[in-house]
Structures are given as structure tokens and as C-alpha cells.
Amino acid sequence: MHKGRLEAFSDGVIAIIITIMVLELKIPHTDSLEGLAPLWPVLMSYMLSFAYVGIYWNNHHHMLHVVEKINGSVLWANLHFLFWLSLIPFTTAWMGENHFTKWPVALYGVVLIMSAVAYIILATILIKREGKDSKLSRAVGNDRKGKVSVVMYFAAIGMAFVSTAVSLLLYLSVAIIWFIPDRRIEKALTSHEK
Amino acid sequence: MHKGRLEAFSDGVIAIIITIMVLELKIPHTDSLEGLAPLWPVLMSYMLSFAYVGIYWNNHHHMLHVVEKINGSVLWANLHFLFWLSLIPFTTAWMGENHFTKWPVALYGVVLIMSAVAYIILATILIKREGKDSKLSRAVGNDRKGKVSVVMYFAAIGMAFVSTAVSLLLYLSVAIIWFIPDRRIEKALTSHEK
Amino acid sequence: MHKGRLEAFSDGVIAIIITIMVLELKIPHTDSLEGLAPLWPVLMSYMLSFAYVGIYWNNHHHMLHVVEKINGSVLWANLHFLFWLSLIPFTTAWMGENHFTKWPVALYGVVLIMSAVAYIILATILIKREGKDSKLSRAVGNDRKGKVSVVMYFAAIGMAFVSTAVSLLLYLSVAIIWFIPDRRIEKALTSHEK
Amino acid sequence: MHKGRLEAFSDGVIAIIITIMVLELKIPHTDSLEGLAPLWPVLMSYMLSFAYVGIYWNNHHHMLHVVEKINGSVLWANLHFLFWLSLIPFTTAWMGENHFTKWPVALYGVVLIMSAVAYIILATILIKREGKDSKLSRAVGNDRKGKVSVVMYFAAIGMAFVSTAVSLLLYLSVAIIWFIPDRRIEKALTSHEK
């Protein structure tokens, strides 16, 4: 089974998720500069989520690039991952509209954890299929980044009830960790191209 | 006529259908946990429909993978199938917002039946073109699953006026039946790859 | 310049146009069967437009399939065509919500004319590039269907101020004319495949 | 790393951006011709932005066509570019709904500048990777058009507080400058095909 359509479908869904979030930037009812002020938290949470969804697309792209064969389980694991990702626009909007209060900030983390777990499940199924000695297995390794992220999400959810600023700082930190491209996969890819 | 663009267009439409459903998860007007409570039925019906549309994408993917040639009739049968699928976000939202009362639950089943029938028409046209001895024909066979699904949808619609819980259980059962990947096509595919 | 991305982008835009129209099917505020009644005209106009956009996708698919080379002018003519097509969801919704009164029915025809003209411009540019003896030129020929459609749209717009039922019948007739696949292109394609 | 999925994802996001703008054309509450009148500024700003996003897609298409290899930095620069592009529907709607008053017209320019800068960053990273003697480098050259555009956007933002008509004329002029396809890239492409 070719992976082409799986990639195309995932690209489509992720492209829609990343773009519909902008629909939450509701047009202010006034044409003054002051009218834009209440939009700041919404824009901030949009930027954070844009970065997150972009990171996931990026990693998904990298991971599937080294995969050679897929099967039914991969299709389902991928759909499961897309399901959690599709809830990000909702949690993003709720967090933005409520100016980062505790419950929205905590729920935002819950959906991030579920997305991360779904991604780890997808990666595990792919690695199992490709084999321990595959390029993918060597590239992803023990996936320290993924595990650290989940721990940081848990910490952020807990901190939401103490200080949401700390939670947001933690979410931002995870995004920055991932911004640094996964050298291991890129390295494996480079040697793969040769 | 190559099937590539048909697949790309279908992927696009199905990706949009599956994603716009999440727009029905309207942001609560409060930032408290209680504000999320009324969203449960909406989320439940979203999950059910996400699974259904995912299943259809999956099967569509499998079916077109073994197809070699398409023509005008296939394009129309495919559009007809996408039309019914495109009504799922509407019935999903109506069912979720009304907490699974009888008419919305029944209408949900009607659109599922029409989608299933449209899918069967598409499969029939494809099999007719590919021939009785084609991989597709052997893979789909007499399509027992498809027929059982339609019977279960009819039962669910009838039960909606007695107990919507039974209807939902039936919808869920059909989804689970399909979750188990179509071994026959996958088997045919595997031998096809060799 | 390869036509692949032009096709992919057009597929994306057309897939979104055809799918966002369903967002106009607003969920009724009641869960009774009667609540669905006012949706009939909206559903009817959705079905008509779904058929139209589907026809355009179909013809666009056929036309670009026989094209071998594209250039900047083709990209612009294609964008111009997509622009008019993108207004169809608006005219569809206005027509449906107002139960097919004269101005909405007339405006619906205006956008159809502009889409048809934009499509003819695109075809003309493509044929000019491909040459008089190209497969495309022989396939499209003098494009009688396209010209007849424009005449019928004009008639429908005029009739909107006398009887909108006649206008709708004319719109439906054009859709049916196009439903019959373009045998000439399909024939040319078949010989092309050999 | 293949550029195929980057192109597909960008096509998806740009296709959604260009199409969701039409959702701002809200259906009038009356079925009379007069009901359409207040929509003129919204339609005008939609047309302007449709042209802009179309131009960006066009240039993005041209630029990536001559690129041979991409890496992590290109993925991020591309996402950054898509982020600013995704804000165009918001500024377009704000400008249209307020009939081109000063602040919305100025903000429209700010997002155009940021998009242009993001595009220049993407181009710079690509040229750096491809090398000074690459087709891309020779094609883009010193990118006079890009620089002139940014200057004109700045002028338009300043003029917004004097005369928004002049600002709009400047925005329109930039669009027209870009409408003329980039002969240099097209020339480079033609020689590239040989």
C-alpha cells in the first residue's frame, strides 16, 4: 500500500486545521485601533497553536518520509492522531477568548497531551512495522523529545491552577524545543538519500 | 484517464468534511469547567462521525488503490458519493445539539444509508469496469459488510422512535465492524504488490 | 512548467468551494421534523450548485488532462476562473434563503455566466498554446455546449423577472446537458492513451 | 528531502486562505438588489486580496519549481510565510466591512509587508542553499520587484492617514506590477526544461 494518499489526506486535514483557527479572529465592530486590543490574546493563542500544528506537520512529514510501507493499522493510528489535532482550534479559541484563565489553559494542555500520545502511538506502530534496524527506528531512537514534551504538558496543566503564566511559558518552551529540527532524522535522511 | 486527480479531489473534499465538523464545537461563553458540560453530546456525535468519515476515506482509499482505469461514470458516481458524505456534518451537528432526540437520530441514519448506497453504486460501477476476475472484484466480493451495514442503519432509524440509545448502539456497532480493516482487500493488495 | 501543482491547487480550491456550501445548511433551532421544512429550498440550491461545481471540476480535469504545457497566462486565466467559481457559494446561499425570488435567481445566473466565460477564456488560451492540431483543440472543437450554456443562462436571467420556475428549469437543463460526459474529449483521451 | 509535500501543504493552506475569504460576503437579509449595495466594499477588498493571494501562490509555485533540495529551515521559513498570509482574510474583512477607513487600510498594509518580508526570507534561504550560480539565484536576481513592493506598502500605510484612496491605488499598483509574470524566472525555467 502506497503512502502517497495517506500523506495527501493528512496534509489536507492539517492544512485545514491550521487555517480555520484564523476564523476565530473575529472582526471588531469598530474601525478604531482600540477595537483590535481585545484581539491580542486571541492572536497570541493562534500563533502558539499555529507553531504547534506546524511542528506536527513538520514531524509527520519527516517521519513518513523514511517510512516505506503502511497498512490498515497505520491508517487508523493516523486518523486517531488527526482527531486530537482537530480539537486544537477549539481549545485555542477557548483559551484566547478567555484571556488565558485556568480551565481553558489546562484543557489546552490536555489536548496537546492527547495529540502527543497519538503521535507516539503512530510512531510506535510505524517503527514496529519497519523493524528495529530501519532508518526510522534509528532516526527516532528512544524519542526523548516526545517524552519530555508530555512531562512538560503535565506540569503545565498542574501549574494552570497556580499561575497560568508558567503554563504558557511551558507550552512555549515545548514549541521552541521542537523548533530545533530533529537532527537525527535529518541526518538519517541525508545518509538515506545517498 | 488517470485516477490520480480523482483521488486528490476526493481526499480534499473528505478532509474538509471531516474537519469542518469541529466548527460545530462552539466555544462556551464561560471559562469554567461547567461551561464544557453541554458540549459532551456535540463531542460524542463528532467522534462518531469522525470515525464514519474516516472509515469511508479508508475504504475509498483501499478501493481506488486496486482500480486501474476510470471514466466519466466513475467521476459522477464519486461526486454523488461525496454529496451524501457532505451532509454528514449537518446531521451530526443537529443530532449533537439536540442531545440525541428521535428525529435528529433518525435523519443521521438516513444520510448514512444514502452514503452507503452511493458507495455501493460507486463500487458496482468500478467492479463492472474492472471485470469479474479483477483484483477489485475478488477483494470486495459480495460486499457482505456493506449490506449488513444498510440493514443495521434501517434498524437504527426504526429504533430511533422507540429508544435512541439502541439506535446509537447500532451506529456504533457498524463503525466497529468497519474498524476491523477489510482483510480481503488488504490480502488482495498484498498479492497485488508481489 | 509542469501542470501538476496547477491541478493540485485548483482541486483544493474547488474542493473547498463545493464543501463550504454545506455550511449554509444552518442547524434548525428545533429537533422536530417541521424544523427541517424551511431548509428545503436551501438544500435544493445546494444540490444544484454541487452539480455545477462538480461539472466544472470534471471538465477542468478532462481539459487539463490533455494539456501538456502551461505558462503564466494559463495560471492567471485559471485563477480568474476560480474567482468566479468562488462566488457560487454566496449566490447559492442567497437564492436558497430567499426561496428563489427574482433578484437572487438572476444573480445566480450572472455568476454562472461569468464562470462560463472565464472557463471559455481558459480553454481558448490553452488551445492557442497547444495548437490547432492538438488533441485538446480537436477534443473541445467549437465548444457548442459552452456557447449554448451561456445563451441559456442569459435566457434564465431574463426569465427570473417573469417566472423564476422557468429560470430554475433552465439552470437544471444546463446541468443535465453537461452531466452527459464530453464524449469528444473522452474519445480523444482514449486514442491518446493508446 | 523531497519538496513534493511542502508544495502540497502550501497549496492546501493557500487554497483555504483564498477560499475562506468569500465567507465574509455575508448573505444580505433582504432579497432586493439594494440589499447587495453594502456588499460592494467587501467584494472589492475580496477581489484585491484574491489577486494578492493568487500572486503569492503563483510566485511560490514558480520559485519552488526551480528549487531542487529543501531542509528544515526551508520548512520553517515556509510556515512563517503561510502564517502572515493566513492573516490576510482577517485584514481583508475588517477593511471591507468598514468601507476602507484609515486604520483597517493601514493594517491591511502591515500584513502585506509582513507577508512580503516572510517571502523574501524564504527566497533568501532557498537561494543560499541553491548557491549563487543556481537557476533560482539567476532568476530572482536582486529581487527589485519585491523591494519596490515593500516601499510602496510603507507609502500606502502612511497615506492611509491622509487619503485612503491613494493607499488603495498603491495596493492595486503593486498587484498590477506582479500580475506581469516574472519573465526572468519563466526564462530561466524555459532554459531549465531544455
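Chains: A, B, C and D, in written order; residue numbering restarts at 1 for each.
Note that contacts are C-beta pairs under 8 Å (C-beta built on N, C-alpha and C of every residue); 3 or more make two chains touch, one makes a residue touch a chain.
Since the structure is predicted, the reported quantities are computational estimates derived from the model, not experimental observations.
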Residue-number overlap at the chain A/chain B interface, same or different (half cut): different
Distance-maximising chain from chain A - centres being C-alpha averages: C
Mean-CA-position distance for chain C and chain A (Å): 37
CA centroid of chain B to CA centroid of chain C, Å: 26
Shared-contact residues (touching 2 or more other chains) in chain A: 8, 12, 15-16, 20, 23
In the complex with chain D, residue positions of chain C that touch it: 1-2, 5-6, 8-9, 12-13, 15-17, 20, 23-24, 71-73, 75-76, 79, 82-83, 86-87, 89-90, 93-94, 97-98, 101-104, 107
In the complex with chain A, residue positions of chain B that touch it: 7-8, 11-12, 14-16, 18-20, 22-23, 25, 27-28, 31-33, 36, 47, 50, 54, 57-58, 61, 65, 179, 181, 186, 189, 193
